[in-house]
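Per-chain residue numbering starts at 1, and chain names A, B, C and D are given in the order in which the chains are listed.
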Amino acid sequence: MIPVCDVQNSKGDSGFMLSRVGVRGVRKPVCILRDIDGNALNSMLFCNIDVFVDLPAIQKGSHLSRNLEAIKELIDDSASTPITGIENLATDLCKKLLEKHEYASTAEVNIQAEYFKNSVTPNGRTTMESYTLYGDAVGIRGQGIRKTIGVDVIGMTACPCAQQTVTEILGCSDEWPVMSHNQRNVCSVFMNMDESENVEANGLIDLIESSFSSPTFEVLKRDDEGAVVINAHSNPKFVEDVVRTVLKKVVERYDYLDDDVEIVIRSESEESIHKHNAFAERTATFGELRNE
Amino acid sequence: MIPVCDVQNSKGDSGFMLSRVGVRGVRKPVCILRDIDGNALNSMLFCNIDVFVDLPAIQKGSHLSRNLEAIKELIDDSASTPITGIENLATDLCKKLLEKHEYASTAEVNIQAEYFKNSVTPNGRTTMESYTLYGDAVGIRGQGIRKTIGVDVIGMTACPCAQQTVTEILGCSDEWPVMSHNQRNVCSVFMNMDESENVEANGLIDLIESSFSSPTFEVLKRDDEGAVVINAHSNPKFVEDVVRTVLKKVVERYDYLDDDVEIVIRSESEESIHKHNAFAERTATFGELRNE
Amino acid sequence: MIPVCDVQNSKGDSGFMLSRVGVRGVRKPVCILRDIDGNALNSMLFCNIDVFVDLPAIQKGSHLSRNLEAIKELIDDSASTPITGIENLATDLCKKLLEKHEYASTAEVNIQAEYFKNSVTPNGRTTMESYTLYGDAVGIRGQGIRKTIGVDVIGMTACPCAQQTVTEILGCSDEWPVMSHNQRNVCSVFMNMDESENVEANGLIDLIESSFSSPTFEVLKRDDEGAVVINAHSNPKFVEDVVRTVLKKVVERYDYLDDDVEIVIRSESEESIHKHNAFAERTATFGELRNE
Amino acid sequence: MIPVCDVQNSKGDSGFMLSRVGVRGVRKPVCILRDIDGNALNSMLFCNIDVFVDLPAIQKGSHLSRNLEAIKELIDDSASTPITGIENLATDLCKKLLEKHEYASTAEVNIQAEYFKNSVTPNGRTTMESYTLYGDAVGIRGQGIRKTIGVDVIGMTACPCAQQTVTEILGCSDEWPVMSHNQRNVCSVFMNMDESENVEANGLIDLIESSFSSPTFEVLKRDDEGAVVINAHSNPKFVEDVVRTVLKKVVERYDYLDDDVEIVIRSESEESIHKHNAFAERTATFGELRNE
């Protein structure tokens, strides 16, 4: 006989409701089936999953094993009901959590996964690059779901200020771009929207990658390495410039998104001349950006 | 002659303001001078400092070196004007940032540091334990500063549900506490308040440490190890229980704090029976908690 | 025309040879095709790859892009020449590195990847668990390759000493196992062998998983949670015991391996009663173990 | 009465000795008193301490609490017997471990700590920079102690190959240094020696810092930022060059060290044009280096 421990259902000692109770760090391989320009594309993602529901004051504990069952059921069902993105998996998980935790009024899911995508060097060679995808969702019982799609992209920034300072110190001519400090930059974009709206990760990655001083590549032979360095110095950018370039492109590209879609854009440079990082961020709704 | 590169002051390309521009990961040793029950106490903290200001659309770049100068000046002045806590250092940094960045209307500072404090085992031996302190501040020009004090404390939780399930499976008597799974738990508390209010870190740490199934200790001889295990199993707690115990104690102890003080309490258990973690959180104002 | 920068081939300034020059942190999805008891099994692994060769004193620089080309070629060829394990990929990479870097006399490859495998709870439910695999190889030109297969497995340890101390303090009867502290334990095993020898990762994982106080599981309903706790306390183990149990099983199971196969076994417990970890390790050859 | 649990002293189940048993991740503030050119210098270091002894086959468990007592006693005694460096603390800990663990024949200690030191920018401004120090020791009963002093230093490398490739592509004149990619580089040096020998950390840090394309600084006003960029591009270095420059300087500076002193030098660049890192390493004895 299965024991019927009911400690969780007993009355809470303290009388306080809790905002979020759940599990963090569940690891799961998930097969994603996307439609990219009419072609079916399968990708395997190794997901890190956090799930939470709220807990009323009256109940002592949340049934944590139900969270793991919810995850398992959705993934088991994916043969018949394909998962079309981790933000959509997060959305479906929110719905299932509200079904399984009848005492809960809110559910939240955060998913993170590494993602690989082909890229092309300045001289036309194909490489494979690594990115981090985020798919989140928050649901309130009876009020629908808001989901978030996010991505981290690594690129390169060359500093416009040091370039001008060096030009002044040395009296360089403007025949070709002048040296500067340059470094790895991580640009992250998160877009929070109604569950009915959609943003394709590949397009968002391309948009971000074109907003650095230069994208970066896994393999660079001499001529490509030279081209990347020249491109970056012809296109120097502060962290501020990376964020503003993404802002401009996002407003243009995602003109179909609602005014209430919220966006966070971050750019962080691992400064080559300092041991600390430079950072810029903008948080706004599309409505605000369209009026700026 | 010092070059007068003015790239930062040139007009922004894109017309978008930025919410936060600054530096992350600045490392600094800071000497803190506190008054603990009438006694002056010096502690050296190795701080990780992030500072940001906003940037109007009209300006291309933020003057990042001013952030480092602001940090340096406050620490250099600490011989004459002692730093009384990292949340107060964060507050003073916000003010200095608004002075130095005349174009900014908001400033934000996040500081994190390891902290050591003596503790006493159940059988009276003295040990030294390690904690993480957080001191944050956000200022809006002309509207004052809100600061946050936070702390991570590591303790131990023993599961009440497994204890009851084992009792049922084996038919254990209630002569002494029954075995359960137990594990490391990290409980974090953050309190956001007006800059004029104060919460002493030592008191907050003690409060949290008394909210686990048991605190944990650097050195435990046999009798103390046995006492910790017995105490933990006599006092089994879910992550939910840890948060609710802290909630109850915080409301009692900090009765002098304003209703608008916001608190976040998190408890995360590195479950010994799973590879993932259990998690509970409450976010609320003191006003809300007092009416619950 | 492709520029013919030959900085790398110019004479070294300092006259010192270098032991290892290469790249670290290359991320690659790799499809592994294994034969498990006569069945073909495909697994996708997301690999972190480090590759190095030595550099003679006479040469200024190593041709780093050749390392990336070597990785790419082996993975591109895997349609016709399947990759049968990351330790075998490491072995083949060593050979290719020695081909591509004609000036090198040694090559080294370290690969790490997350791996998922089904497991079964005490009461027969199927779960999916996460592990870390390691595949390394070192080659000396003209002397063959030594490869290493390794794995991290997370399990649970319950302390035998605290159990006895509690028994003495409380005067517990021996009707059922007594409470103790228990915690997450990471057990890592690395086996270094000639490239012609083989160890299947699944078997090694099972062996380690059966050497804890109890394995741990993704989903545990009440009866399974109770069974895991009872099993763990019926089978209390120090970190020392975990290593010795693995040693005993490894010698029995891998009786076909040469005496010169080297093994490292580590067990690290995230102690629930302390903020620090307990650790045990044995490094030995199979020859030494067989004579102990 | 203190319980006399003797589980550790009981006979081992499996008959295998263990190479290293102990604790990892003990956190301790340690006050170091050094003599720098005749001046007493106090520094507070927050140490991460790992300690191990071996365990004979005959004994079931190592007495882990003795490790914590050994650490506590040495630090408590430091008022009368000052600690003159973390490598010397590691040495003294090894001796005390062998006293306390009468069954052990080897002891090992690894200590790591953040360290701050003043530096001076090209134009003479004072800054404070952060480093990581390592102090290790291994002792064999009756055979003395070998200790290791190590340090991580962050600097900047500019690539000589990209600089030449760009020169060729653009046909740049050689009036001033040409642009290249540059990035953060971490150079680590570890020196293993008899306990009677000494290497001052400050001198080793200065030596490494002068081996990059340029050191990096916490605060850089315009003129200093320009100078750092110009210096780095006038002094382009591969990771290989950083290691060889350190090798050359180390052999010159530490001419008083024995031929059997072992050195490991690593240089790792967080490549701005790639998502992966470039890496070079040399492992050698001073005797080998002196004959190269």
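Everything that follows uses one rule, which is that contacts are C-beta pairs under 8 Å (C-beta built on N, C-alpha and C of every residue); 3 or more make two chains touch, one makes a residue touch a chain.
Remember, predicted model here, so these are calculated numbers, not experimental data.
Comparing mean CA positions across the assembly, the chain most remote from subunit B is C. Looking at A-C and A-B side by side, the one with more C-beta contacts is A-B. Here the CA centre of subunit A is 36 Å from the CA centre of subunit D. Each chain gets one centre point, the mean of its Cα atoms, and the points for subunit A and subunit C are 30 Å apart.
Averaging C-alpha coordinates per chain places the centre of subunit A 26 Å away from that of subunit B. Residue positions of subunit A with contacts to 2 or more other chains are 3-5, 26-27, 130, 161, 165, 168-169, 218, 220, 222-223, 226, 274-276. Those residues of subunit A lying in contact with subunit C across their complex are 2-5, 26-29, 44, 46, 65, 68-69, 72, 114, 116, 128, 130, 218-223, 226. On the subunit B side of its complex with subunit C, the touching residues are 129-130, 154, 156, 161-162, 165-166, 168-170, 172, 175-184, 214, 216-218, 220, 222-223, 225-230, 232-233, 270-276.
Residues 3-5, 7-8, 12-27, 50, 52, 55, 57, 60-62, 64, 160-161, 164-165, 168-169, 238-241, 243-245, 247-248, 268, 274-284, 289, 292 of subunit B are the ones touching subunit A in the complex.
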